[in-house]
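Labels A, B, C and D are assigned to the chains in the order they are written; within every chain, residues are numbered from 1.
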Amino acid sequence: MSDYEVHELMVCRVAREVDESGVVVMGSFTPLAYAAYMLAKLTHAPDAYLAGFDAVGMAPVQLSFTGVEAAAYKGAACRWGMLTEINSIHLSNNGGVEAVSSAQFDGDAAINLSTIGPFEEPKVRLPGGAGAAEVIKMYRKMVAYFGSHNPRTLVEKVPFVTGTRWKIGDESREAAGLLPGPVVVVTNLAVLIRDEDERPFRIESLHPGVTAETVVEQTGFELEVPDDIPETTAPTDDELRLLREQIDPHGTVAFDFMPGKERMAYLDRILDAEWSAAERAIGR
Amino acid sequence: MANKVVELEELGTLVADGDRVALGGGWFANHPMAAVRQLVRDQRRDLEAITIVGSVDIDLLLAADSLRHVTFSMVTLEAFGLAPHFRQKIEAGEVSFTEMTGLGLLIGLEAQGRGVPFLPYRGPFGSDLPGHYPDQYAEVDCPFTGERLTATRAIQPDVAIVHALRADPEGNAQWDGTSAADVEMAKAAERVIITCEEVVDRDTIVANAHMTKVPGYYVDAVIEAPFGAHPCTHVPAYGLDAWRIKDYVAATAEGFDGYLDAIRGETEADYRKRVVGEDRMPVLRGLVDQARVLTPTDG
Amino acid sequence: MANKVVELEELGTLVADGDRVALGGGWFANHPMAAVRQLVRDQRRDLEAITIVGSVDIDLLLAADSLRHVTFSMVTLEAFGLAPHFRQKIEAGEVSFTEMTGLGLLIGLEAQGRGVPFLPYRGPFGSDLPGHYPDQYAEVDCPFTGERLTATRAIQPDVAIVHALRADPEGNAQWDGTSAADVEMAKAAERVIITCEEVVDRDTIVANAHMTKVPGYYVDAVIEAPFGAHPCTHVPAYGLDAWRIKDYVAATAEGFDGYLDAIRGETEADYRKRVVGEDRMPVLRGLVDQARVLTPTDG
Amino acid sequence: MSDYEVHELMVCRVAREVDESGVVVMGSFTPLAYAAYMLAKLTHAPDAYLAGFDAVGMAPVQLSFTGVEAAAYKGAACRWGMLTEINSIHLSNNGGVEAVSSAQFDGDAAINLSTIGPFEEPKVRLPGGAGAAEVIKMYRKMVAYFGSHNPRTLVEKVPFVTGTRWKIGDESREAAGLLPGPVVVVTNLAVLIRDEDERPFRIESLHPGVTAETVVEQTGFELEVPDDIPETTAPTDDELRLLREQIDPHGTVAFDFMPGKERMAYLDRILDAEWSAAERAIGR
């Protein structure tokens, strides 16, 4: 087994949720989620139907900050716009898996992407949720991922609900006209899952070297702790090779895991590599 | 044939202080940045901007004190951080805002475009946002099944500004890559301004008729603006000028007056020369060329 | 990659007696006639057909006693007269019907496809039709403005059959000319069958991505059926076989058993040979070539 | 002034209603209406925005039974489908002029395309109205045309209302959110117009040789008869040449005016000409 980094473990775990039923939609370029979708499509889910930007029926693409959007269109079967996408995927129960990150997340699978502090007079005005409020409710599976698992992010109750899963258990979801499916949380420490209305999230697996105690301590909401918790399945050599050589050779996923000081220098290195690739492409 | 082509410098006659302006594009794609810069040059005031997923377009208008209100579902610089002036102006209470859910905002624009005062959908149940805006969100029961749905009210911008790949003088406008909510904005607005990479003749439009997303009868003005989405993308013409996005963020940290003064003191052609750069243009186009599709056999 | 390609002869396993079947195309364009002929061969019974502007597709199914009900906004043979069996069967009370206004029917299909139980619109005020169908039409008040609108209820076909220019094995389907309500039917239906002039590889689809109107995730089966809309048009593949439409009308006047027996006694390939004709095929394609655009300078 | 036939007079009169404001949509191939739109676009309204079948922003085309649909796409700026068309034209008040014919028409501008006899047990099951019920209400101008002006077609009150203009006068139309504009009836005898709620149709012009008395006699609804009624303006030489040589050389418009016995032979002649054109096009 090769060495791997925690963001690679997370990509592989998120990828495992991607299957061939329903459409997977990628909005903003969020490298970890994008990498997971590409990995799934290149491995166990070749028929996964991907939509990114307004490219529908995408081929898998290489990640880059400056060209990922262009890549999305190159192998795509169809062009739509936002409105057709939301009506034909999100609202018509054709959504498969949605992987989101948010400023805060709680035990009812509610997210806050709006504000820290009062809504009208925010201490920190967050970016807003785009389509998340509707999407996380409608999709069959919700995957939430967090590079830093801590009780300020995973809170007992978000102070402002930008959006929510609405119904959790399969039965109550189906009664509300929603596709049944779980909420899976993938963090730098563990994998949490919730699929019943009356039970809280439980720890599904722990990353190597992480204890259940640490996870409970770092989680603001109630957790069920099974007696016997497996270790999160490690990435395979094949997955790592695909990730490092094909899907994300410049290392865009790791960027979100860089400490503050190193971030800009790391970004510059990625952008230098992308610039060079463009120069090569035009024969300079 | 009608000729709606005007110069970018005439934008000021098409957008008035106080207007409700829908700005096209989404994520880092395809925001009508040349028009935004022109609004900054024209020192437009008290505009209300409407954006689905805004970026440096919204942030720059806020920096230039052109907006009194922002209606949005998201404004972000993605990997480059929170939009700095968006944060500052809202946190300081200097600009009011309406934060909508993405689908509520989009379907509100759609409603106006298709001539209904509202549309129902299975809404953002449980979200705190609708409760803040009873004029925009309501509940409506299906008259057949009794199902309770969310109603989103029609949104009518005074003017929509969207950036296309090309358009003909009649206003038939084409996109190849991301069109985001450009079509819904154009259909909803009272007046429509198309900026585009290139004004072409009608034959070019006819030869690519499947790419026409806004037909000419909607359009009031066509403006040629090469690199008109820069530093954002316009696929397949060019990729993201991430380097200039970084400059933008850095300029904000240093105080933004110099950045604004430079834009106000130059024409759009000057901007292209100074900021995009003749030598950099082919590389920005090369970002599209180098973008790679992967096949399972690569694995 | 998923392979959904099946033979036309397998249609019978995809459409059951009693199904509610939406049939694509509109006017004389693009009705899925090869599939209709196969339903006749399979002696399907008690179907409910849904059509926006139906033609010989609906009329032939009525002649073959395959329908118990027709939901339509129009059924016509245009210059060739009223649809003869449509008239006969309804006037004789042998088939029930729902006559909807065109927009009510179309928006009802749209509603189902976008996941709402109804949609409001400024309806056919004053028409006598809505009053006949309270299960399909109702009134709804805008919760913001109080305006009274028409609500049309979501319509869900069991199966939609639409005829495309080409599709790949995954089901990504493309149209160049008339698509009528094919997309809305496909999005509304529980199951979707694409017949097409040609099954192509994915690369051909990608190279023409702007023509993809139904993406593969909707599609259950792809059937190659050249001249699959004949005697109707499929632009740009072929124009209207007006001569065979005339034969159809003439056969009706003479009693229609011979016409039906011939279809039932042959495969679709036989039909192409017998009725379209190897020698006539290029001329039917030439009807498209000879079609003329006029310019003011012609005047 | 050249000699002309009544269908040519009708085409030219309908064409005069077509202007450059709003979109003109053509559904089924109805030769007289199509010819009028093409004539307008080739003469006084070059910027008229035409949509035919799913071709939007059409160039003017030559009429034929077998190829008019193909022609519509050849010079068109845009492709849509029915749903986008109805939402972007009809329902959003972008409709300019709609010319319709119907089995019956009455003094309130209501049409019957549904039934002769009881609706559920019809004596004659008519084809249905397609989008007419909504369209004639929404469009700025309604033009109704009839090749045979008689009191069985132009009736006092249609026994079944497939659709109706809903509001007639400009003020009541605007109050209902509709574009203001008149109802114009063009027949083989005369032109009738109505644009006020409280006044009936009035005779706007009489075709050469037709008297007001004949028109009143042949009309089932009340007519206002002005003292001084002008003759319907004759087609110009230029209009006739465009119609005969460019727009409709095979004579599809006249087909609808043929007496029953001659119809099929006439149709055969048109189709022979179209077949020959196709053979020439493929080099046979």
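The definition used in the following text is that a residue touches a chain if its C-beta (ideal position, glycine included) is under 8 Å from a C-beta of that chain, and two chains touch if they have at least 3 such contacts.
Here the structure is a predicted model, which is why all the values come from computation and not from measurement.
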Winner on C-beta contact pairs when C-D is weighed against B-D: C-D
Centre distance in Å when chain A and chain D are each reduced to the mean of their C-alpha atoms: 57
Whole-Å gap separating chain C and chain D, where each centre is the average of the chain's CA atoms: 26
Chain B and chain D, separation of their C-alpha mean positions in angstrom: 41
Residues within chain D bordering two or more other chains: 46, 55, 59, 73-75, 79, 91
Chain C: positions in contact with at least two other chains: 114-116, 121-122, 147, 176, 210, 213
Every chain pair meeting the contact rule: A-B, A-C, B-C, B-D, C-D
Chain C contact footprint on chain D (complex, rising order): 27-29, 31, 38, 42-43, 46, 53-55, 59-62, 64-71, 73-75, 79, 81-83, 86, 90-91, 110, 113-114, 119, 121-135, 137-138, 160-166, 177, 238, 241-242, 246-247, 252, 255-256, 267, 271, 274-275, 277-282, 284
Contact footprint of chain D on chain C as seen in their complex: 26-29, 52-53, 72-76, 78-79, 82-83, 86-87, 90-91, 93, 99, 101-104, 106-107, 110, 121-129, 132, 147, 176-184, 213, 233, 235-236, 239-243, 246, 282-296, 298-299
Chain D contact footprint on chain B (complex, rising order): 1-2, 113-116, 168, 170, 172, 187, 202, 205-206, 209-210, 212-213, 215-217
Complex contact set, residues of chain B against chain C: 114-122, 135, 138-140, 142-145, 147, 149, 151, 153, 176, 208, 210-211
Residues of chain D touching chain B in the complex: 20, 22-23, 46-47, 49, 55-57, 59, 73-79, 87-88, 91-94
